[in-house]
Amino acid sequence: MLETDFTYIVDTLFILFSMTLIIFMVPGFAMLEAGLVRTKNVAAVLTVNVMIYATASMAFLLIGYEYAFGTWENESMSKWAFFMFQMAFVGKTVNIMSGGVSERSRIIPLAMFTVVMGALIYPTVVNVSWGADFLDGTFLDLNMYDLAGSTVIHSTGGWALLAAILIIGNRKGRYIKNAIRVIPASNIPLVVLGALLLWIGWFGFNGGSVGSIASKDNADAVALTIMNTNTAGLSGAIVAGLLMFVRYGKFDITMILNGALGGLVAVTAGPDLYDVYTPILIGLIGGALVVIAVPIFDKFKLDDPVGALSVHLVNGIWGTLAVGIFVADISFIDQLKGVVVVGIFAFTSSYAVLFIINKFSKFRSDDDEQMEGLDVHECGLEAYPEFKRAI
Amino acid sequence: MKKIEAVIKPFKLEDVKDALANIGITGMTVSEVKGYGRQKGHSELYRGAEYVVDFLPKIKMEMIVTAEQVDEVTTAIVDAARTGKIGDGKIFVSDIDKIIRIRTGETDNEAV
Amino acid sequence: MKKIEAVIKPFKLEDVKDALANIGITGMTVSEVKGYGRQKGHSELYRGAEYVVDFLPKIKMEMIVTAEQVDEVTTAIVDAARTGKIGDGKIFVSDIDKIIRIRTGETDNEAV
Amino acid sequence: MKKIEAVIKPFKLEDVKDALANIGITGMTVSEVKGYGRQKGHSELYRGAEYVVDFLPKIKMEMIVTAEQVDEVTTAIVDAARTGKIGDGKIFVSDIDKIIRIRTGETDNEAV
Amino acid sequence: MLETDFTYIVDTLFILFSMTLIIFMVPGFAMLEAGLVRTKNVAAVLTVNVMIYATASMAFLLIGYEYAFGTWENESMSKWAFFMFQMAFVGKTVNIMSGGVSERSRIIPLAMFTVVMGALIYPTVVNVSWGADFLDGTFLDLNMYDLAGSTVIHSTGGWALLAAILIIGNRKGRYIKNAIRVIPASNIPLVVLGALLLWIGWFGFNGGSVGSIASKDNADAVALTIMNTNTAGLSGAIVAGLLMFVRYGKFDITMILNGALGGLVAVTAGPDLYDVYTPILIGLIGGALVVIAVPIFDKFKLDDPVGALSVHLVNGIWGTLAVGIFVADISFIDQLKGVVVVGIFAFTSSYAVLFIINKFSKFRSDDDEQMEGLDVHECGLEAYPEFKRAI
Amino acid sequence: MLETDFTYIVDTLFILFSMTLIIFMVPGFAMLEAGLVRTKNVAAVLTVNVMIYATASMAFLLIGYEYAFGTWENESMSKWAFFMFQMAFVGKTVNIMSGGVSERSRIIPLAMFTVVMGALIYPTVVNVSWGADFLDGTFLDLNMYDLAGSTVIHSTGGWALLAAILIIGNRKGRYIKNAIRVIPASNIPLVVLGALLLWIGWFGFNGGSVGSIASKDNADAVALTIMNTNTAGLSGAIVAGLLMFVRYGKFDITMILNGALGGLVAVTAGPDLYDVYTPILIGLIGGALVVIAVPIFDKFKLDDPVGALSVHLVNGIWGTLAVGIFVADISFIDQLKGVVVVGIFAFTSSYAVLFIINKFSKFRSDDDEQMEGLDVHECGLEAYPEFKRAI
């Protein structure tokens, strides 16, 4: 057997395995968000999650993929496998955004935005970072190292979310005068299940992004990537738990999980480049950033029911810069340039698209609908019709 | 002593509670109930079939007050709970013979 | 006939039920309610923000008894439900005009 | 005005509601309660241990009606809710002093 | 290393991976059905799901497998891996059937039927289609192309369900005179979780059915199969969502998920044979068929709480025929013959077996038991004892 | 390509796949336990599960791994992959223990114990059985065959649990005089989901423990291991179901699942050594042992809300001995010696550590806290705040 056949086969299998893990993030996001919102908005949030997977993937298949990579051809593995792997990413950017505006956003305009994100915005970001690179040779050309998308996925989604919050506004009753009304998660087991599925999906996300397992070096790189990914999640969870305990004497599990996710986002830019101890530090800072950022965004009255800004935007930036700080060969300036260029593009293009869509089809559910819950208005059903709601 | 029962819209609970606190009423017992009246339920959808949800969520508040407080309390509730839209709910007043505070054994007006 | 309503702490339900069974009361209707009174709720935490839970879980027991039983019943409830700590709850007694047992159509004292 | 409270079996709710609608009663407030009476609960099983569930699910309906309607209403309820089997439930009638419709401020018979 | 050793090893790994994905369908079906039934029947439905996995698999291990394939021997991969892969299928046919008669069926007779299905009925279908083929040479010999079981699994389960509904009858109170009483799902997050786990399981189901990944061509075939499988799910979801929105202005998530599953069933017969666009069409039609079929079955008073007839039977047939329509080399007549022969066998044999079992042990819970809920009567416990039921 | 490269690559992929399956046991344990405890303790139990994964893994990374294996070096696959695989095990021993003392244990002392378990106790057990073996040459040297940890993982966790119950005591109100108060599970779908995720994780646990798939023999061994693992789970479930039905006429799903888990634990010591029928018997006995042991532990007033003693301790012992009974080459005495030596060490060391921690930081929540629920006291939030609790 030819060695190229061997690598082709093994890498196809490896990428299909990685892709499958990422698809577990679809129920992951769905359960996480369904657990974090109030019962009256659970079906709507779940519908949005399924809609995103269906719509973003289809838009990527029909338009975005070829635009991002310039070609379907692939020498090193089955092109269909590589497509599936890349397709598994695209919905995530919208998930990040939709989660942060849940409990007040209507499905139709979200679906329109999803199409544009899947067909154009996200593929543009991929094009200039991992793909065909139409900026090549211009002064905007990016040399950022971003293995699995701290910037390409997470900050991109985060910037889109920031634009969306500015356009859609906060949940009714969330900030009354200067008081913040706390709106607790409705179903903690779902939150935990969702976060842990995301965690597992991350092994595929980052491991698969190494691109090949079919040499000894690559096998080591993949395994190191997965190990370091996991380690940053561990330390993100630990630091968030400790900080909550020191401050309140209690272990707020939703914050601990957000800390873990923050660590995972932060390590995503360069898990293959670190030794096995650096991710501990990166995750510690990532988890701490989440704990610090959540109340700050609240202070600025940016209402984000799932903490996506703190997890994905803040740590997406931190993680990308961290590669420049901790890895000798990587230029901090290149990393910063990547963060800024992608940030400006993602924010302004999302803002513009959201703004235009909003003219035709209002994103925001009106106050009465929010009061009664989006489930009845958007989906026509209740998530838990037989369970009596407490006061 | 009188018992005041008020059936109100769920999202008015905070307002009514605050209004009552303002006039010194701090003891009450609340439960979620379903109401059936002129206000009709919305229709729901399930796998391609529509149907009407008859019973609407309401909050029932019960509080025991002295006879003199009745008017003040009912006025406060009406003011705080009214939206002017159908389904705002009702208040019922009835007599109570006797009250006992379990913790102390105090009875009647002292136990309100 | 009289209606006795008792609002008690949830974990006292079994004790009160047993105490009532001991004095021959076996019919009652129970529901979960939320209480608001002197006892204040605990504070909860959610992603780095603390807030106070106002309404506390309580159990409301309703039972219809003959007028003669009232004292015995209320004493039994007070004894069984008291912890001596704030929030033990209250008992309210009122009049009932008429009772009907649906199964048999029996009325009033026979239907208790 | 009178308050009619009926404790019935859960699956009879629709029938009773329809029977009441037929005689022109459309306002009512309903809640889920647990009943304890002659009807005994079933036993349940959990990892090799059996235990008895004492309290049975019932529906409590409350409706305020004018004094004249009482007999008609109770008869309608009894007819619709009776299965003849133990645990069919009970109806209690008591006095109401005053009614207020929150939306309009109407009182008493106009507010029923 | 010998090339045959290489393919043996890689395919064993590949098939174990595929098998594992299929096993995720066990919680998939369990959560989907637990979410779709009323809270009072949730524990019973879950018990049935676990019972099916245990009983059908054991029956297949002891009897059905050898009957289906004629031998345990296998040259191309570990025979134990191949067995596990095939074993992962068997329960699915019963899952399809049991889901559709839930909320009224007792566990003991269902377990008896499961044994017969796992030991005889399903293995017979496999025998004549993928296995030893005792019809070989007779005029009944099938040439149907059915990669992963549109007919062999899904319609077979669907026909068994139709027989079961005829014998067991409808849920008490479901059809009163000419009115249909709507009985909504009790737990939407579980429905979504279950459907998404099924979706992921499908990658293993169809991908693994290619049988080998250990050549460049096979690697491509597996990847294309998984991609096309996914695509049909996407378009099934999209079309169901659009149709619901056009008709009701609302997004009924349960229908959207059924649409996705319909698309997945429909593509299952030939995902390796299509280009990457055909599955879009197949899924669109599949999803639309579900939306159309659900009310039709209701009109015929065939009470199917989970929509299994529309998803599995209708789309199992459509998917098998679709191969004959869209693939040049495949004869439509052969496909039709397969559908008809398997259909007649599956329906009549299931009907006969159900009928006989029903003589000894009634399938149907009596009205009082249905009223109180099957959980207490069949399992002795409640699924959510601490949660108060709403009216 | 060199054959050693091939095996290195394929085994790295294989071990990463196995590891990922084991990580699914993290949500598996979390959902199982969240479903089994009362709603007022659900968030606390979930927090403990996340804490264990984070803390035990970190302790193992920093200290335990090197202590257990003597070295990080690995010739046969990527050392990072092998670490991740081993790391996936370590939390399980604490999961077993924490589950059995749930609804009454505080998080801080549990976290302290987790660190000691992950850094010292568990690594010591691994050292003497699978690892560097500091007992080598002494009369205590173990020759026990324990492929995937019937003793090393399951009994070790079980002994730690027994020590913990003795120190922490029973849940308030569980045993009143001589009566046992039954405290039913609060969420059966979560129980089922959790148990099935554990089941799937077991494929990785036992399959991966074969250590290599990269030869025909190893491929067979892995596949046989997974098949036998599954079979014992099937028969454990079946026997528990039958016993419950014979005794009570009802199918108690929580017992059926415990039976399945019992079978899985029991087969874990030697699934690669049995023919395909022996696991049926091992699982039957394992499932029956669970059904018998649950009430016995209750009789001794050892309060174990999730049945972990019966599942893990009893069957860990049974499974280890079973290898000595059913496999000709394996000495029963060696097996027994392993059970006894590990048991004494695990129990006494856990007891001592728990005892000392308990001096500084009480494990037991006081009665009022237990009454109100650990969620509010330990986590500051409720698991299902919008759902009304039934009486």
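By letter and in written order, the chains are A, B, C, D, E and F; residue numbering begins at 1 in each of them.
As a convention for this text, a residue touches a chain if its C-beta (ideal position, glycine included) is under 8 Å from a C-beta of that chain, and two chains touch if they have at least 3 such contacts.
Fair warning: this is a prediction, and the values are worked out from it, not measured in the lab.
> Determine the set of chains touching chain A that also touch chain E.
Touching chain A and chain E alike, sorted by label: B, F.
> On the document's contact criterion, could you list the chains that touch chain C and likewise touch chain D?
Per touch definition, common to chain C and chain D: B, F.
> How many degrees of rotation map chain A onto its copy chain F on CA atoms, rounded to the nearest 5?
120
> So which of B-E, D-E or A-B is the twin of D-F, meaning more than half of its contact pairs are the same residue numbers?
B-E
> Round to the nearest whole Å and give the separation of the Cα centres of chain C and chain F.
Averaging C-alpha atoms per chain gives centres 44 Å apart.
> Once you find the CA centre of chain A and the CA centre of chain C, what distance in Å lies between them?
From the centre of chain A to the centre of chain C is 50 Å.
> Mark out which residues of chain D touch at least two other chains, giving numbers and ranges.
30-32, 34, 44-46, 50, 55, 94-95
> Counting only residues that touch at least 2 other chains, which ones in chain E make the list?
Only 6, 10, 13, 17, 184-185, 187, 193, 248, 250, 252, 254, 379-382, 384, 387-391 qualify.
> Going by the touch rule stated at the top, which chains touch which?
The set of touching chain pairs is A-B, A-C, A-E, A-F, B-C, B-D, B-E, C-D, C-F, D-E, D-F, E-F.
> In their complex, what parts of chain B are in touch with chain A?
Those residues of chain B that touch chain A are 10-11, 13, 30, 32, 42-46, 50, 57, 59.
> For a test of understanding, state which residues of chain B touch chain E in their complex under the given definition.
34, 44-51, 55
> Tell me, which parts of chain D touch chain B in their complex?
My answer: residues 3, 17, 26-31, 64, 94-103, 105, 111.
> Please output the residues of chain A touching chain E within their complex, sorted ascending.
Going through chain A, the ones touching chain E are 1, 5-6, 8-10, 12-13, 16-17, 20, 23-24, 26-27, 30-31, 34-35, 42-43, 46-47, 49-51, 53-55, 57-58, 61, 77-81, 83-84, 87, 107-108, 187, 190, 193, 377-389.
> Mind pulling up the chain A residues that touch chain F in the complex?
Within the complex, chain A contacts chain F at residues 3, 6, 10, 13-14, 17, 21, 38-39, 184-189, 192-193, 196-197, 199-200, 203, 207, 213-216, 218-220, 222-224, 226-227, 230-231, 233-235, 237-238, 241, 245, 248, 250-254, 256-257, 260, 276, 280, 384, 387-390.
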